[in-house]
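One structure, pasted below without further comment.
For clarity, chains are labelled A, B and C in written order, and residue numbers in each chain start from 1.
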C-alpha cells in the first residue's frame, strides 16, 4: 500500500510551497526534488497568497521564526484552506520560547492543518499548552519508549480528534495517527538524530505525500514516515560500506529518497496498526 | 576561447557580492570558491553600498525575496552601476507572484544589468510582462525545444536589444545572446533539474565570469553556461561510477567546477552560434 | 590535554544557541551535532532571551547581518552574561561595511564575550577600529606569516587583555590567546579556505568546547582550533584517496569531526605555546 503512495508522488509531482527556516531549507528542497515533488520556498507576507495559489500543497515550519514569517504563514494557510490544498505544520522548537509556542497556537486557531509533525515535546506543547522544551530536541522526560507508547498513542489520537489533523510524532518509533487509527513505524536509525533537518525533511516529504494522495492523509503520512525511516536505514548501510560521518549520511539519506521505489518501500516498511 | 575565460576567473579571483536567497546561498558561495572567485553574501539595506564597493561584481537573485532585500538590491545595483561593476540578475520565480514580478520590473527600470539569467518563463515574464508561472520551474507551455528554438532565440535577441543585457535562458539547451549574436549551449544533463540551485549556481558563476572578463560579457556568459553544463556531465559520469542520487550529484557538480580547467572546457564545450 | 576537552564535549553535549548567517547555518548545525553538541538557530528578537535561557552557550555570528538580528544578539548576549553562559563572537566581515563594524563594536560594548574568533582583518577591525577589509577574507596586507607572527601574537594578547576574551585569529597558523599565554596551532590545510564556512564552523565548535569546559576557556578554544585543523588534514587525506573537490571536502571535514576522538586529537595536534 505504501508503495502506491510513493509512486503517486512521482506521478503527480506535487509543487509544495514551503515557509521554512534557513538552516534546513536546502535539504528540504532537495528531498522534495528527490521524492519526485517540486519545492518553492517563499516567506514574504507580500507574496504568500500568490505563491500558495500556484502550488499544490503547503508546508509550514517554525524554525528560525520571526514576526514577518508568522504573517506569511497565516496568509498562506488561510489561502490553502480556501483552495483545499493540504497543509503540514512542523512546530520546530514549540515550547522552547513563548514566541514559538504562541505562534504555533495562533496558527492552530486560524488555519486547519491536514497533518502536524514534530517530536513528542513539540506535539505535547501544542496539545497541552505545556512548555519547558530544551531546544529543538525532545525533552528527555517526554521520550516515548516501550513502556509508555500506548499512552503516547492514546494522547496522539485524542489530539487528532480535537484538531482534525493527522498527528506524526517522530521518535525511535514514529506514531502516525488519526483520531481512531495509529500506525507505529519501526523503521529508521539513531544516526538520523545526528544530522540537522531529519524532522524538517520528513515534514516536507509528508507534505508531498499527502498532496499527491488526496483523501488518504493518514496512510500517505504513514508512508512518508516509513519511506524516511527506510531511507535512513539504507543510508546507514551505505555509510558502513564507504565510511564517513553525519555529513555523508545526510547526503546518502537524500540520495536514498531519490533512488527509492514503491517495491523497495513495500519490502522494507515495518509497522504495526493500533 | 571559453577556456581562456575560465582561466581569467582563476587568475583575477573576482569578489562577488551576492544578494540572494537562503535556500541555495551555501551552494552559490561554494561554487564561487570552486571556480576561483570569492563570495560575500549580504542583503541588508544598511550595508548594501558598502559591500558592493569592496567587491568586483554583483549577483542579484530574487529567491526568498522580501521587501527589505529589494531595498538592498536597488542600492547595491545603483552603486555597482556607478562603479562600473558587472551585475547579473536572476529573476527566480518572476511570474509566480505579483511581488516578484513587480520587484523584477522595478530593478530592471532602475538598474542596468550586464546579464539576466533565468528559465524561459522567468525571462518571458520580464520581457513581456506575462505572468502565470507555476513555481520556480519553467512553465510547460514555454519549454524550448527543436521546433521553437529559433523563435526563442529571436525573442531573446530582441529582449537583449531592448534592455542592453546579455540574456541567458537555461533549458535543455541554453541560449546565451546579445542583440545580434546567440550561443546555443548543448552541454548539461537532465539530472541538473533534480537538485535545487542549478540556476542560482549558474547565475553566481556567470557573475564571476563576466566580472573576470570585463568587456566580453557575451562570451564570458556563454563560457559560464558551457562550464556549468560540462560540469553537470562530468558529475553525472562520476555518479554512474559511484552510485548515489541528487545530493551526491550536487556535491559532484561543485567538485567538477573546482577541478575544471580551461583545456577540459575547450574540449567538452558543445555550442552553435546563431 | 586537548583530547580531554574534546571528550568533555561528547560527555556534556552542550546545547548552543546560534544567532548566525543563512549561508553556513546548516554546516554550523551539522558540525555541532558532529562534535557531540546540539544546535538551535534562532535570531528573532522576540525569542532571543527565551532561547538563550534553555541553552548552555551562545554563538553570535555577524554574517548576513541585519538590524533585527543585532537586536536579538544584544538581548541574547546580555541574557547569556546574566546566566553565566559562555559566548563566542564571530565578527564576519567586520571592516567590510560600516554597519558590520559598528554592530560589532556595539556588541563589544554591551556584551562580555568569552572568545572572539575571526581572521586577522576582522580582529584588527575590532581592536583598532581599522576598516578597509575586502569581503570576508583577510586583507592581503594583514596576512600573518613567519616574519610578523610575533607581533601578531603581541597584538592579540594586548587585545585579550583589554577586552577580557580569548582571542582566536584564524590563518595558516591559528593564534589562540589570553592576555598572557598564546597557543600557536599548526594544524590545518589550505583547502579549508576554498569552502564557505570554515570560520563559522570553527566559531560554533569553539562555543561547544568552551561551554563543555567551563573555566578553561583558553585551552578549550585552543583544543577546538586544533581539532578543526586536524579534521581539515584528515578530510584532505581522504579527499586524496577518493578524489573530489571543495564540496566533497566540506562533507569530509564535518565527517572527520563526527569520527574524531580524544586520542586522535592528542596524537595529531601540533602547537607551540608562546
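Just so it is clear, a residue touches a chain if its C-beta (ideal position, glycine included) is under 8 Å from a C-beta of that chain, and two chains touch if they have at least 3 such contacts.
From a predicted model like this one, the values you see are computed outputs, not experimental measurements.
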Ask   = Copies chain A and chain B touch; is their interface built from the same residue numbers (over half shared) or different ones?
value = different
Key: Superposition rotation for chain A onto chain C, Cα-based, multiple of 5°   = 120
Inquiry  = How many angstrom lie between the centres of chain A and chain B, each centre taken as the mean Cα position?
reply    = 32
Message = Residues of chain B that contact two or more other chains, please.
response = 22, 26, 250-251
Key: Interfacial residue positions of chain B with respect to chain A in the complex   = 21-24, 26-27, 63-67, 93, 96-100, 133-137, 194-197, 244-248, 250-251
Note = chain A contacts chain B in the complex at 15, 22, 25-26, 29-30, 33-34, 38-44, 46-47, 50-51, 54-55, 68, 250-259
